[in-house]
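Across the two complexes that follow, subunit A remains constant while its partner is subunit B and subsequently subunit C.
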Partner chain A sequence: MAGAAVLGRLTWRAADVVGVATETPRVKTIAFDVDGWPGHLPGQHVDVRLTAEDGYQAQRSYSIASAPDGARIELTVERLDDGEVSPYLTDELRPGDEIELRGPVGGYFVWEPSRGGPLLLVAGGSGVVPLMAMVRRRAALGSDVDTRLLFSSRAWDDVIYRDELEGLNGDGLRVHHALTRSQPPGWSGYARRVDAEMLAEVGPAPSERPQIYVCGPTPFVEAVAEALVELGHEPLRIKTERFGPTGG
Partner chain B sequence: MPPIISRGFKGRRRDDAPPDRVPPGQYVTNDFPVLSAGPTPHTPLDQWDFAIVGEVDELHRWTWEELRALPSESVTVDIHCVTKWSKLDTAWEGVSIDTLLDGIETSAEYAVAFCDGGYTTNLPLEDLTGGKAWVSFGYGGEPLEPEHGGPARLLVPHLYFWKSAKWVRGLRLTTADEPGFWEQNGYHLYGDPWREQRYWGD
Partner chain C sequence: MDALMLDGNAVAGLLQEVFTVEMTTAIGTCGGCGATDAVGAVHVYRGAGFVLRCPHCDTALMKVVAAEGRVWMDCSGLRTLEVSV
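And then the complex of A and B:
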């Protein structure tokens, strides 16, 4: 079984905010020190719980962005303007605050370098978050597993982890960007939505039997997964995680 | 541990969400989010069937036409996804599992729903009978869309919605409770939203 050690009950834990970093105008990364954190696998998520003064509570799930690192975890959160929880996390939280979370959750959409490759990661917008945990884990362990990341964003300024990904490109990791709405002058990357032709160019070919992880908004994931099946990738090797228009 | 108060958090309560219909930890949405572990399968209806196998006297099988010829029911229910959203008053059309099991002899106490795409989920048989579960092919007066599980999905609204398996192709009746896909991957064996049975150990 793929799951991490979550055999006991996943209890709510106090999580201290130790850092808040701006990724893009709409996206922030919040770092927490979590009391008693049991560790996680790249791709897993946590449940966050907020409590108002009068006892009202709201819960949401967020993917873990960071590679395993002791009691420290990072969540990268996109602000949804009509969201209930995400604007609080991105706008209100500051170092010294404390919230509650429990996890890690999920044993399917996970990858460790020991599982080998080749690996194809396809991200739409903030769908990059669980895939980044895999990329970071790979780098932290010095793995040279053949990894392709195809990352679709609206514009260059919307690219989450842009500088870090530039730095990680190489050593068997190839990062390809697709910018769907606007491109900077002289842009030589993809300037359209992800399609079958793009996926064939980025590879690996179906004959190499890559492990494939796709994460993004539902229409993105539907289109990418369908194109991958069309290209001849085995459906059971395509793992998807989708988020709808709600959730924030 | 008493809950930690989140400084400055007020939340956004909904007046139109009766508390007795929203289980703990859930919020009400008007959207219909999609969650699936892999690509959406597209099985042509002339290759589709629904089977009841396992601890039964003989294989029971319905083609698409045969299933659609059975008496169907319209049901309006609230649904609750383990990812926290609930959707109230969803309108479905389907065939009751009672209708499918009518006349079938079994000593089984559990069932595993199996699906196109390899997905499975486990349920006690008593949660599928007594007017609590359907094979559903209509949503909101329209044929069920593939991304929501069409042509047909299980509908078991009193449990978290991952139990309402999309692209369902049959039930395997079993004497033991055999964990299905999400149940092997960290999610609760039973999944009662009112007891907030989301994950292992809940």
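And then the complex of A and C:
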């Protein structure tokens, strides 16, 4: 029905795999060309649907990693060993394969450079993915919005987008790493879980009224959001996105 | 705190399928405590379906089950829902 399309009803679209890149031992980025992709905002996600030969379907939601770029989107997926969908995406997909997805969806956890700053982004592990879309969009538009990214990973080899983030550091973007389990020799960054003291050092101060986006596993998001409120940040300026272990 | 807890962002696609507009920025009022929050900010628990709970008082705002081409919604814990159209 034509009216449904006008209202923006979600439709499943064919997505062709055009590239697979290894980010870390457990994380891959898969690039797709999506038939009829309407474009997206940084922070939005897609629903991915896999259908088995017997008709069984499994559906999961993944954040879009890439900045808006025509019909091309990239998803960065962490392999969860007991997951139903992620092992297929990270281990089996090859260029030329096709899957189904729909989107973009979401509008709450979204940032565009036109919304200004200062901006505080706090990521735990693969929670960096939607924040990376924001950082990439900011760079693509040449924005100099004051942006701090505090990124917690287990070890240096687990840092997703490590080299790209090194390259983007500067022009108003400051990237801070916290490595919680092990640190390389001579490590001068944070070597503990994110806490209130760390958030205060990374800034901006509550008086600067930053827009804050926090994404990661549920316990990480809860701890960070609590620490931010404790520091005096306004709860309404703290936007969170949690992914539980059911995300796989 | 439940490590399995998600938030309203996790049901963005499901709700958009039903309402045909972006719903995580819709503002709901809790029928239990009267707090207002964006749908994206409420707590979500996933089982056979989804339960959306107030982040302040834990009232079940909505229960949503999708199966066999139908979506069933219990909205008895929600006082109002304000949607941008």
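Please note the rule applied: the second predicted complex is superposed on the first by the 241 of 248 C-alpha atoms of A that agree within 3 Å, B and C clash if a C-alpha of one lies under 4 Å from a C-alpha of the other, contacts with A are read in each partner's own complex, and residues count from 1 in each chain.
In this section, a residue touches a chain if its C-beta (ideal position, glycine included) is under 8 Å from a C-beta of that chain, and two chains touch if they have at least 3 such contacts.
This is a predicted model, so every value here is computed, not measured.
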| item | value |
| --- | --- |
| Partner chain in contact with A:Arg9 - subunit B first, subunit C second, else both or neither | both |
| First (subunit B), second (subunit C), both or neither touched by A:Ser61 | both |
| First (subunit B), second (subunit C), both or neither touched by A:Glu92 | first |
| On subunit A, positions contacted by subunit B and by subunit C | 7-10, 47, 61, 105-109, 218, 222, 239-240, 242-246 |
| Contacting residues of subunit A [partner subunit B, same complex] | 1-3, 6-12, 14, 47, 49-53, 55-61, 84, 88, 92, 97-100, 105-109, 218, 222, 225-226, 228-229, 235-236, 238-240, 242-247 |
| Subunit A to subunit C touching residues, read off their complex | 4, 7-10, 45, 47, 61, 102-103, 105-109, 217-219, 222, 239-246 |
| Touching residues (chain side subunit C, partner subunit A) in the complex | 1-10, 12-13, 16-17, 20-22, 24-25, 38-41, 46 |
| Subunit A-facing residues of subunit B, complex | 1, 3-13, 25, 27, 29, 31-41, 83-85, 117-118, 147, 181-182, 184-186, 198-202 |
